[in-house]
Structure formats: structure tokens, C-alpha cells
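Some structures are shown below for you to check.
One chain, chain A, appears in both complexes that follow, with chain B as partner in the first and chain C in the second.
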Partner chain A sequence: MTSHSKVRIDLVALFAACALFLSTIEYMIPKPVPFMRLGLANIPLILALGIFSNREYFLLFLLKVLGQGLISGTIFSYIILFSLAGSLSSALLMLMIYRLFKDKVSRVGISLGGALGSTICQLLISRIILFKEATYVIAPLFLFSGLISSIILGLFANEFIHKSIWYARLKETTV
Partner chain B sequence: MKKLTFIDIFIFILFLTISVLSFTLYTNVSGKPEVHITSGDKEWVYDLSVDTIASFEGPIGNTTIEISNNRVHIYSSDCKNQIGILSGWIDKPGEWLSCLPNNVFILIKGQQKIAQAEETDDISF
Partner chain C sequence: MKYSTLRLISGAFIIVGILLSQSLLLRFCITVFIIILASNSGRKFRLLPNLILLVTISFAHTFSPYGLVIFSIGSYPITLGALSIGANKAFLLISFIYASHYMMSSRPQIPGKLGAIISLQFYYFDRLTTNWHQIEKKRPLIGAIDQLLLGIEKDIDGQPIKPTETRYVVKKDIFIHIFHISIIILLLLIFSDKAKSIFPFIALLP
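On to the complex of A and B.
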């Protein structure tokens, strides 16, 4: 294992750019309700596991949140709180699940765990500052949409890791 | 294609259970429907069977709702993306609309079965 004390900034930038691009795509897709999302921008975070060090991963997470805020125009509104808290809990959970189980878990499990963490965290914040008691009404919708979209993202990530030569090379140079 | 593992399935079942459990919270919506509007810390209650137009002030401007024919929708809102208006009409208990930028939340609740003088709500507004 090589030392990762130095942050591979170009690699982080590439993944962050990818997240920014996917945020844009996501923003263009019409949604029936605000914050119901596909979470496309999480794909780079799911793929980064196993390649990035903790520091690089955290940097990617910050860039992703900033990029998302920039594109949706919510960067200076309270809505960024949701994005920040949701992304942070999902990033931490995904990292934890990956470090704990390594090869015993596929990207589907990681993606599901991340979505679960993010949804619950956002529902809790919503309970406190936004919808108050009415949060229970939005909960089922968010949970189910998160469940379905995270399975799709996870399956995509599995497939990508399995097929991509670029990813395999990246992984070789890391470990 | 990588096979799904035991842990994948476990997380899936956990997620599914929480999602299904969240649905059980819906069971207490029945009875005469009322429209609850929350804006900031304040809450207003309207009768869904009485046609009304009402305006609510939020951090970025006004959000106007219209109640007509036992349905409610967001008539206009001073927000940028107008998602609330695009959501259309709602008419069943448990359904909701919101204008997030303006922090206005509209929910149809079924009134509690406990007998309540029906006029009270109207008079208090």
C-alpha cells in the first residue's frame, strides 16, 4: 500500500467534475417534488471508494456539495443545509460500510446505505426546521424514491467497476 | 456482473422495512378533510369544502393557494422554480404541496373523529 499523504488533486478534480456534470443532468430532469432526487451526483462518490484515501474522499464530498449548490442556485439558501447534511451522512456511511465489509458488500449495498443515511438525516432536519410534524407525510415518498434510485445507481456502479478498464487500471495504481 | 452479497440484501431489507413502516403513519388520516397550511412557525386550517383564496407570506414573498370544488392548489408563488404550482391540485387526506423557497407547506389532514363543533374553525379565522 502506497502512502496517500499527498492528495492526488487531479484525480479528485476529475471525479468532482463528473459529479458537477451529473448534478447538471439531474437538475434538468423535472421532478414532481423538490428534493426528490435520483442522486446521480453520488455515482462518483460510490466509485471513489477503494481508490480514494479518506482525505481525498472528504474533499470530493465537499466539492460535490458546492457544485450541487452552485448548479441548483441554493448555495446561499437554507436548502444547502439539507444537501450538506444529507451528503455528509451518506458519504460517511458509504465510507464506513466499505471500510467495514470491503469485498463482502457490493456497490448496491453501499449505495443503499448511503441513501438511507441521507434520507433519514434530511427527514430529521426537516422535522426540526421545515415541515415540523408534517414530516411524516413526506417520509414514505422520500424513502421509497431513495430506495429505488439507490438500487439503480448501485447496479450501475457494479457494472461500471466490472467493465471499465480505466477503473481497473486506476485501482491497480492505487493498491 | 458482480453478485449481490448477504450484506447488500441485509441493507436492502433494512431500508425496505423503514420505508414500509413510514407508511403506517398514514393510517390516522380519515374523516372530514381540512387543509393545514404551515408557514414558518404559524399554522392555518381551512375547510376543504369551502371555496377560498388565501395568501401566505414567506421569506421571499407571497404564496397564494386556492380551494375550490373540494380541491386545493397553489395559485401563485413568488418563487423562482414554481414547482408548487406544477404539482397541480390535491384533494385527499395525506396529500401535500409545498413551496420550499418560500417555506410554505400545504397538507390535507383528515379531521379527528372526536366530535368537534364544526363552526369553531370558521369563526377563529
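On to the complex of A and C.
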């Protein structure tokens, strides 16, 4: 492994640590409905687009899911399945949108796509194994809250990309 | 075996203990125990930030009223269940932060590629939790986050993290760490369903 690729792996670990840190902040915020999440830990994933390769991006996704499971105490329960499936579909969609459209779509659009993918995937799993027909009752609330939080996260990511010196330097050195 | 690896293993057992604990009192006991361990390994303990964390998380949870109403502020009910859930979460967080410091302060190297990345992730997490209070003081937010990340980024040089504790384990270390894990197991046993059936008063504890 070259020194450059080692630095990139270090950066993946730093992004993963940020996701873990944001998971702890999110954990402090009460949820009106179980399973409902702000998705703060997705910010590093949104920012990582365009910095990391696909492989590094999925490594970050894996570390984020494990960290989230550890913080919320769900790592040994079936709830980690929801988190894993939701995060995977969200990460896949965000990566696809970014690779297909590059700068034509803002981080708000990418974040919205990711949230939509994650919510639909979680609702499908919930329909199959947990709430059955009752899923349709909670679906609108889930979708709506997911969309709102993803817009806020996307706006923050946009702002961070434009204003952060750290991020600008990182992009210069890694891309 | 290096001392840092032994501490990592015992920390992993402690984290499993944190995750298995459900009762508020048990989580409190484990949190206090972990704070003592982390303080011994060099982490500075400050009561006020932890107290603020506990109070704010507990209070934030009162927005979703649950359980017995203890008192009301105007028409706003403060419920025991919501406070208890909030406090439980706060203890989980505090214990996790101190446990990760306890595990990572001697910068152990987890074997394998993924292990190396995970140990780095926890090392940076420890740095973030130690320095995050900068964000509160500095404005604007993005500038403060920048400052925090630029400070941590200085360490990124592509070199594996060097253990600060390079000595090898002696028998005494193993006994001490087994003792630490035993305390966690003992606490879990005291609050287990089996113990509750033998000593009913345990079931009355929060």
C-alpha cells in the first residue's frame, strides 16, 4: 500500500469517526416515533462523494452502520437489519446519482434521493417482517419526515462544501 | 501480548456489558465504573459537562410524555418514564465515550486491515469527543468544525498509529483486567431476571 492510499484510508477512518460522533449527537435527540431518524450520520457520506473511490465509500458506509449500531445498542438486534438495508440503499442511490449527474445535482438532491431510497427500503422490510399492513399507516409520516430531514442535511452539506477550508483542501489533495 | 491490546479486549467486554444493561441503576453503576477506569488511564473527568449532558438529554425526552406525571410546568407534564428513558440514553452515551477512551488511549493496533481502520476510527472519535466543546464556543459553526477537523487532520500522515503503551502484559495486568470484567459481569448478574426472582427488592430498583 502506498503512502497516498494509506492517507486516503486514514481519511475514511476520520469520516467514519465523524459519522460515529454524529450518531452520538443524534442519539441524544428524542424521537417522537421509534425508527424515525434525522440521519445526521449521513452527512459524512454525502460529503465523501467525490472524494473517495467506490470501494472506500462502501468501507465508510460499513463503518458508519457498525458505529451507529454500537451507539444505539442495536448492533446485536434485528434493528441493525433495518439500519443496514436502509443505509445500503441510501448509499447506493447517493453514489449512483453523484456518478451519473456529478455537479448537475446539488447535495440537496443527492440527500433527497438517499433518504427516499432508505425510507422505501425500510418500509418494505417493515411491511414484510414487522408491521405488515400497518406499515401503510406510518408510511406517509416516515416519507415526509425523511424528506424534510434530508433537505436540511443536504442544505448543510452544500453550505459546508462551499465554506469549509478543510473540505476544499481535502478535495484538492485527494482528487 | 501488548498491554494496549489487553486493554482493548477488556474494553470490548465492557462495551458488551453496557449494551446488555437495561436498568437505569445498572447503567449508572457501569458508567461510574467506566469513568473510574478511564480516569485512571489519563482521561480528565469533569462533572459539569456530563451533568449538562444528562440533564439536557433527560429534559429533551420529556417532549414525548410517557409514564407517571411527576409534576407539571404550567400545562407541560414532566413524566417519569420520559425522564428515565432520557437518563438511560445519557448514561449509555457517557459510558460509551469513556469506554472508547479507555480502549483507545494506549492506541492499540487491531490486527488486519479492517482492524487497523476501526482502531483509527475510534482514535479519531476519541479526539472528536475530547475537543468537540470548541464548537460551542466558536462561531460560525462551519468555521468551528473546520478548526476541529484541521486540528485532527494534522495526525494524518499515512503512518499506522503508534501505541503509546508499548510494554508487554505481565501476570498482574491480566488479573487486574479479569477483575474489571468480573465487576461488569457481577453487576449484570445482580440485575438479571434470575437475581430479581431470588431477591424481589432488586425488581423495585429503577
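The rule is simple: the second predicted complex is superposed on the first by the 168 of 175 C-alpha atoms of A that agree within 3 Å, B and C clash if a C-alpha of one lies under 4 Å from a C-alpha of the other, contacts with A are read in each partner's own complex, and residues count from 1 in each chain.
The rule we apply is simple: contacts are C-beta pairs under 8 Å (C-beta built on N, C-alpha and C of every residue); 3 or more make two chains touch, one makes a residue touch a chain.
Everything numeric here is computed off the predicted structure, so don't read it as measured data.
Asker: Once the shared chain is lined up, is A:Leu63 touching chain B (first), chain C (second), both, or neither of them?
Answerer: second
Asker: Which of the two partners, first being chain B and second being chain C, lies in contact with A:Asn158: first, second, both, or neither?
Answerer: In the superposition, A:Asn158 touches chain B alone.
Asker: Taking the superposition on A as described, I'd like to know which of chain B and chain C A:Ile128 touches: first, second, both or neither.
Answerer: In the superposition, A:Ile128 touches no partner, neither chain B nor chain C.
Asker: A:Gly113 contacts which: chain B (first), chain C (second), both, neither?
Answerer: Touch partner of A:Gly113: chain B, not chain C.
Asker: Taking the superposition as given, does A:Thr24 touch the first partner, chain B, the second, chain C, both, or neither?
Answerer: second
Asker: Considering only the touch criterion stated at the top, classify A:Trp166 as touching first (chain B), second (chain C), both, or neither.
Answerer: Only chain C is touched by A:Trp166; chain B is not.
Asker: So, A:Leu14: does it touch chain B (first), chain C (second), both, or neither?
Answerer: A:Leu14 contacts chain C only, not chain B.
Asker: Let me check the overlay on chain A: which residues of chain A are in contact with chain B and also with chain C?
Answerer: Dual-contact residues (chain A): 30-32, 73, 159.
Asker: Using the touch rule from the top, collect the residues of chain A that touch chain C in their complex.
Answerer: Contact set of chain A toward chain C: 3-4, 6-7, 9-14, 16-18, 20-21, 24, 27-32, 59, 63, 66-67, 70-71, 73, 75-76, 159-160, 163-167.
Asker: Name, in rising order, each residue of chain B that touches chain A in their complex.
Answerer: Contact set of chain B toward chain A: 1-12, 14-16, 18-19, 22-23, 25-26, 36, 38, 80-81, 83, 86-87, 94, 96, 98, 100-101, 103, 105, 107.
Asker: What residues on chain C touch chain A, complex-wise?
Answerer: Contact set of chain C toward chain A: 15, 18-19, 53, 56-57, 60-61, 63-64, 82, 85-86, 89-90, 92-93, 96-97, 116-118, 120-125, 127-129, 132, 142-143, 145-146, 149-150, 152-153, 156-159.
Asker: Report the residues of chain A in contact with chain B in the complex, numbered from low to high.
Answerer: 30-35, 73, 77, 79, 97, 101, 104-109, 112-113, 115-116, 120, 130-132, 134, 136-140, 143-144, 146-147, 150-151, 154, 158-159, 161-162
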